[in-house]
Every structure is written in structure tokens, then in C-alpha cells.
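Take a look at these structures.
Paired with chain B in one complex and with chain C in the other, chain A is shared by the two complexes that follow.
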Partner chain A sequence: MIEILSDTALATVQDLGRTGALNWGVGTSGAMDPLALAAGNLLLGNAAGDAAIEIQVFPFAVRVHADCAFALTGADCAARMDEQTLLPWWSGMARAGQTLRLGLPVATAWPASRAYLCLAGGIDVPEMLGSRSTQLRGAFGGYAGRALRQGDLLRAGRPGGDVNGFGAVPPALAMPLQQDGLPAIRVLRAAEYDRYTPASHAAFWGEAWRITPQSDRYGYRLAGPSLTPIAPIELRSHGIVPGVIQVPHGGQPIVQMRDAQPSGGYPKIGTIIEADLWRLGQAPIGSRFRFLETDWATALAARDANEAWLAGLGRLANLQRLGAAAA
Partner chain B sequence: MTLPPVDIARISEWLAASGLTALELRGPGCHLRLRQDRGTVTPMEAPSARQVVTSPGIGRFLTTHPLHSTPLAPEGSVVALGQIIALLQIDALLMPVTAPAGSVLAAVLAEPGEIVGYGTPLLELHPIAE
Partner chain C sequence: MSPGVSLLGTTALLFDAPGATDLPTQQRIWSLAREAETWPEVREAVPGMNNMMLVFARAPRNLDALEIRLHEAWAAATPLPLGGRLIELPVVYGGEGGPHMADVTGHTGLGIDDLVALHTAPDYPVFALGSHPGYCYLGGMDPRIATPRRKIPVLSIPGGAVSIGGTQTGVSASAGPSGWNTIGSTAMCFFDPTQHPPALLRPGDTLRFRAERVVR
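For the complex of A and B:
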């Protein structure tokens, strides 16, 4: 069991998302970096989709009230268990009485902005509509349907145990994606793509986009060249999913992220492929990236590559645990 | 039980022919550690004040975490018992190589980034000067 010591409003319990409830108007939620959440779980022998804490405001601290195996993935926050420094993407034992502290994300080979704290057996919160993710808009799921507060107590699904720590190589290093010196995100054309001017198309693919401070789990507002439709576009509200790139009247795109509403009326120029949402989910505010046009087959292959990377990590981590148990 | 010298000579021949760089044999009352370099087999020094940390398995030897640019424990630094002083990368997995005692990391023996095998000497540790 751990107790939240920080009074930051924006740490939430998340899993891989509440898919399959969009027809009831319930958004998906889930980890902004699902690969980091899954990797942390696999290091512990959990199911990839067990619930963990997503931390996006630092510093952040928890006190350990009962021994428990844990893993920290995502942004490297120079974490410490009491005085002992922890490596990023690492697992280990948290002992009763210890305090885990995460600092600001440090500059590394992979700039990232969100950290994941996984506990053995997952964070023990009830499943709601098939997921343990916090649905902030509907105020249900996760821990009491809200962001974590100072004093909240969270239980591990499988407390106790005794593990020797080991880690994972961050997938950003194993699966790098860059274009002209900037991180790249792969995009499929969306329904209204053809209704934009050729100059807008050229700018969309050719120019760098900056993530503005008006960006959060609901959506990222981007800054870059103005995107202009050939003729004004008026649409009725329709279903949207995380990854959809909308263009409001100002011409500066908005990317819908994990806490996106399930419907919207802005025209859609593109959709970030599901397999690359984690890259944007970790991109720091103020950083720049490029959109890279892709096709359906590549999008599916990218999803398969993510799955294969996780499967490989899970297999090796299980072998490691078996070896340690036999020794 | 101790190994007769004739057995050590035979094991040395096998090691020289095998292409392996090191051999470690443990049994009740015996501990044999041999190193092979281009066909020449020499006994490794008996564990003494000077300690050699060997690889716990097969993998890529790393002295720096893949996200970082500074080594986990630079040569000449004082390391604590249990401190992670190097890593062994096995595909997506990173295994810790820890200090068996409080000591000074005197030398990195293996080439960082290279694949090492079980028992390959990785790091040399010296006692902390009085």
C-alpha cells in the first residue's frame, strides 16, 4: 500500500483505456504512453494492461506502507527510494517506511514528460465499464473517479514478495522515429483532408509543429503554419477518437488525446496512428515534431511492432523471474 | 575434493581449443578460474583484495544506462555494496551488474557495447584505501 504525499492534482490511475464504451458517449481515457505502462507491468509479471499511476506534474512523492514490488517507467525523473537513486525503466522492492520521490524529468536521449508507477498485481481499484482508467469527465473509474490527492491510499493487487530489480530499454530507443532532425508521428489522411488547399497540405507534412502550453490529456493544441480549407467547412458533430487531428477556424490544429470527448464538429485533416500515440503522449510542451504520412498497412505493421516489442520484453522478464526463483 | 593437476591441464587444453575466453568451475572445496587469450590459458588470480566482477550471463555489456551519457560508475569511483555498476542488455531487458563489496572501481575490463558471455571478466574492483 502506498500513500500519496504530493498535492498535485494531475496524477491519475490509468490502464490501457476504456475501449468499447464510445457508443455510450464514454471516452477511452487510459495511459498517454501505453507502452511505458505496459512495460512497467511486464517487468513485474503483471498483465500488460494492469492499472498504474500516471504522473505528469513533478516533483511527486509517495510513502510506502507495506512491502511491494514496483516499477517506474516513462519519463526519467531521477527517482529516489529514500536516499538510493533509481535507474529509469527499472523495477525493485519498495519497503514499508520508505519514500519514493520523483523529480522533474531530466534531459536524456529521449525527452519525455510522463512517468508511470506500477505495483505488483496492478493498482487495486474497481473495474468500471471494462477498465480501471480514471474517466475525469464522467467522474468515475480510477481512484474515486478523480485525480489523486495528498493522503490517498492505494493498494497493490499483489503486495509482499521479494524481487531483484531489473529494467527495460525504453522503446523510444529500440523504435526511434525521426524526420529531418525532429521526432516524427505517423498520420493517416482523414475525411476532410481533400478539402484543404495544396499549400496547407504541403505545410502540414513539410513544416515542424510545436506543442503549445494549451495541451493536456484532453488534447494538444499545436502551433505552426495556418491550415486553410478551399471553402468554409461546416459539419454536424460526429464521433471522434484519440489521435484525430482537427482544424478549428483559426487554422491551428488540435490533436485529440486520451481524455478526448467522444464527439466533435471540427473538420479532420488527419489521424495519428494508434501505434504512435505514445510518442506524442510523451512529447514535452514546447517541443517540436513533424507529421509523417503513412498508410493503413504501415499503421497495422507499427501496431504489430509495438506488440512484438512488448511480447519480447514480457518473455525475457518472465525468464528472468523464473531464473531468480530457481536460484 | 581438489582437482588433480592433470585434470587442470586437460581442462586448459579444452579451453584453448574451444574459443571461449574464460572458464569457471566450482565444486565442493575447489574453485578453478581460467582465462584464455589466443590459445594461451592462464589461471585467473585467486580472489583476494582485488576482485574481478564477471558477467552473470550472455548479453551486451553496458557501463552507461542507454538513456544517459555519464557512466553508472566511472573508473576510480568508490562504489557501495549492491550498487549497480554496469548493465547487461538482453534485447529489451537490462540486468544489473552490482558491486559485491564496497570498493573502488579500478578498471573496466570488457569493451562497453560488446557482447559478453557468462563469466567474462567485466570490471576490476580494489579495496578502498585505508
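For the complex of A and C:
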């Protein structure tokens, strides 16, 4: 059991997302960095999709009320358990009475903005419509359908236990992706791509895009060159997914993120491939990146690479646990 | 005209029926969705407004085969009428609950009374759910009151907001961002996650707006 000490909004319980409820208008939610969430779970021997706490406002602190194995992944927040410094992307034991503190994300070779606190057995909250992710718009799922507050108590699915310190290399180091000196995000063209001017196409792929402060789990509003359709586009409402890059009439794109609505009507110039959504999910506000055009085969290869990276981590973590049990 | 098929990254595929938006086409979409959701590579088939999103269970290597099957299924799809209930919604038009009324009257050139008369006249069939939990996309709006979506989305409109976006109208089921023009408000609970099904309305139901009050 842990108690939230920070009176900070915006930390939420998330898993890999809610599937199967789109036909009731319910979006998927889920971790902005699903790789970090899955990796933290694998370090603990959890199922990859167990629920964890996604932290995006710092500093953040929790008090431990009962011994529990934990893992911290995502942004390197110079975390401390009482006075002991913790390595990023690492697992350990939290003892009753200790306090875990996360500071501001530190500048690393892999800038990131969201941290994940995983507990053994996952965060024990009820499953709602097939998921433990917080559905902020619908005010259900996660912890009471809302962001965490000071005094909230969260239980681990598997309290007690033991774990030797064991960690992982962050995927941003293991699978870096850059283009002309900036982080790159791979994109497949979407339905209205051909209805934009050649100059807009050139700008979309060629220029850097900045993540504005009007960006959150719902979507990232980007700043850059204005994208102009050849003729005004007005569409019928249709299903959309996290990663869709919409262009409202103002010409500045919005990338739908994990709390995205399941449908929309703005023109779509492209969609970020699922395998790269974690990269944008971790990109700090104010940072710049480039869109990189990709094709179907490369996109599937990227998915396979993510899955292979997670599978490798899961095997190492299992060996580590077997070794610890035998010792 | 042939239907449009396009990608939503590696997550989903979008199918857009040709022609003007109407109920018979939507009934074919319902029929297509019912078939497509049985395909092994499809996790969810989600009807929109005369279109449908297929969310992949796992993105298939061979996209062409799926597209061909989709075109064949559409050609064979016959309208599937879904019987439903008629639900009446009392609406306060204009005033604080309808902050964009002036934009809509300005765009359409109609007076507020004419606009309300045109908005309350039809029976609106529920075409699909989407946008946010419990929200319904409705058919049947009079094209004379169509108004483009806002250039910049509003960061939050309240639950119960009655709004117009392009050629469509709808009622928000909870507070949240929207690019539509809000012309009025209603009090009704559209979604309860503890119920099954969690949404009050479903495709095939019919909605009717009644002017409870008009704030001029």
C-alpha cells in the first residue's frame, strides 16, 4: 500500500488501454509511454499490461505503508527512497515507512517527461469496461475515475515479496531515432494527405515541429509552418485513433494522444505509427521533433522491434528472478 | 463512385461510403460493421457517419487482402434496419448555454427563432456513437442550418451542450473539448459505466429536440 503525498493533479492510474468500448464512444486511454509501463511490469514479473501510476507533474512523492516490490521507468527523475538514490529504469523493494520522491526530469541523452511507478501485481483498482486505465472524460476507471490526490491510498496486487535490484536500458537509448539532429517520429499518410498543397507537404516533412504548452494526454498542439489544403475540407465524423495528426482550419496540426476522442472530423494529414507513439508521449513540452515518412513494411518492422525488445527484457527479468530464488 | 479506404497508421483502417450522408447508407454501414467485426484481424468495427473504422487486432502483413474483402462485403451489404426508441430532449436555446448561437445565425443568415424551428423540426436517427462516452452522432439535420466547425477548438464545453458541426448536430454527454458551435443546452444522463450497456442511446434510436425556452 502506498499513499500519495503530493497535492499535484494529473498523475493517473493507467494500463495499456481500454479496447472494445469504442462503440459506446469510449476512447482507449492508457499509458502515454506503453513501452515504459510494460517494461516496469516485466521487471517485477507482472503481466506487461498491469496498471501503474503515470506521473507527469513533478516533484512527486509517495509514502510506503506496506513492503512491496516496485519498479520506476520512463523519465529519469533522480528518484530517492528516503536518502538512497535510485537508478532510472530500475526495480527494488519499498519498505513500510519509507518515502519515495521523484524530482524534475533530469537532462539526459534521452529526454523524457513521464515516469511510471509500477508495483508487484499491478495497482489494484477495479477493472471498468475491460481496463484499469483512468477515463478522465467519462470520470471512471483508474482510481475513482480521476487524477490522484494527496492522501489517496493505492494497493499493490501482490504485496510483500522480494526483488533484487535489476534494471533495463531505456528504449530511447536502445532504439534511438533521429533525423537531421532532432528526434524523429514515423508517420503513414492519412486520407486527406493528397488534399494539401505541395508546399504544405514539403513543410510537413521538412520542418521541425514544436510541442506547445497547449499539449496534454488528450492531444499535442504543434507549432510550425501553416498547413494549407488546396480547397476547404469539411468531413463527416469518423473513427480516429491516438497518433492521428489532424489539421484544424487554423493550419497548425494537433496530434491526438492517449486520451483522444474515438472519433473526429478534422482533416487528417497523417498518423504516427503505433510503434512510435511512446516517443512522442515522452517528448517534453517546448521540445522539437521531425515527422519522418514511413511505409507499411517499415511500420510493422518497428512494431516487431518493440515487441522483441520487450520479450528480451522479460526473459532477462525472469532469469534474474530464477537466479535470485536459487541463491 | 467507389468507397474510400485509408489507413489510420498501423492501428486501424477507415472505410468511407460514397455519396451524400443518408440513413439507407448508414443501414448498410451497420450491416458491414456486423460482418467485419467477425474477421480475425479486426478487434472492433466502429460505425461513424456513413463510414466505418476497423481497429486491427494485430495489423496484418497483407493489407490488400483485407481491402479486397472489405470492398466485396460492401458490395454485398444490404441495409440493416435497427429498430429503436424515440427519445425527446427539452432544450434551452441561446443564452449562457448557447454561447455560439450568434456565430450560427451569422453564418446561416437565419434569425434565432427560424434556426430553433429548423433544429427542432426533424426526428434525428442515431447513426453512431463516438466522440466521448455516451455521445451520439445524429442524422437528419436540415442543411440550411449547417455551420462549419470552429477554426480553433474550444477547450471545454459542458455536458448537455447542443451543438452544430458542419452538417451535423449533437448533444455532449460530458464536459470536454469540442470544435462544434454550441447553440443550447439540455439536462440528461447519457452514460453510466456501471450499467450494461453503459450508453443510454444506441444506433437505431431516434432523438427529438423540443424548445423548452429560447433566450434571445
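One rule holds in what follows: the second predicted complex is superposed on the first by the 327 of 327 C-alpha atoms of A that agree within 3 Å, B and C clash if a C-alpha of one lies under 4 Å from a C-alpha of the other, contacts with A are read in each partner's own complex, and residues count from 1 in each chain.
Throughout what follows, a residue touches a chain if its C-beta (ideal position, glycine included) is under 8 Å from a C-beta of that chain, and two chains touch if they have at least 3 such contacts.
Because the structure is predicted, anything quoted here is derived from the model rather than measured.
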Practice prompt. Please name the chain, chain B or chain C, that touches the greater number of residues in chain A.
Written response: C
Item to complete: May I ask you to decide whether A:I240 touches chain B, chain C, both, or neither, giving the answer as first, second, both or neither?
Response: second
Worksheet item: Is A:A36 in contact with chain B, with chain C, with both, or with neither (first, second, both, neither)?
Response: neither
Discussion item. If we overlay the two complexes on their shared chain A, which of chain B and chain C does A:A109 touch? Say first, second, both or neither.
Written reply: first
Item to complete: Identify the partner contact of A:V125: answer first if only chain B is touched, second if only chain C is, both if each is, neither if none is.
Response: neither
Worksheet item: With the two structures laid over each other on chain A, which partner does A:G165 touch: chain B (first), chain C (second), both, or neither?
Response: first
Item to complete: Give one of first, second, both or neither to describe whether A:G25 is in contact with chain B, with chain C, with both, or with none.
Response: second
Worksheet item: Should A:L316 be classified as contacting the first partner (chain B), the second (chain C), both, or neither?
Response: first
Item to complete: Using the touch definition up top, name the residues of chain C that touch chain A in the complex.
Response: 4, 6-12, 14, 16, 21, 43-44, 46-53, 55, 59, 61, 63, 128-137, 148-149, 151-153, 165-168, 173-174, 176-177, 179, 191, 193, 197-199
Worksheet item: Tell me, which parts of chain A touch chain C in their complex?
Response: 19-27, 128-129, 135, 137-141, 187-191, 218, 232, 234-244, 248-250, 254, 261-266, 268, 271-275, 296, 299-300, 303
Discussion item. Can you tell me which positions in chain A touch chain B when the two form their complex?
Written reply: 76, 87-90, 108-110, 164-171, 173-174, 309, 312-313, 316-317, 320
Item to complete: State the interface residues of chain B toward chain A in the complex, per the touch definition above.
Response: 65-69, 84, 87, 89-96
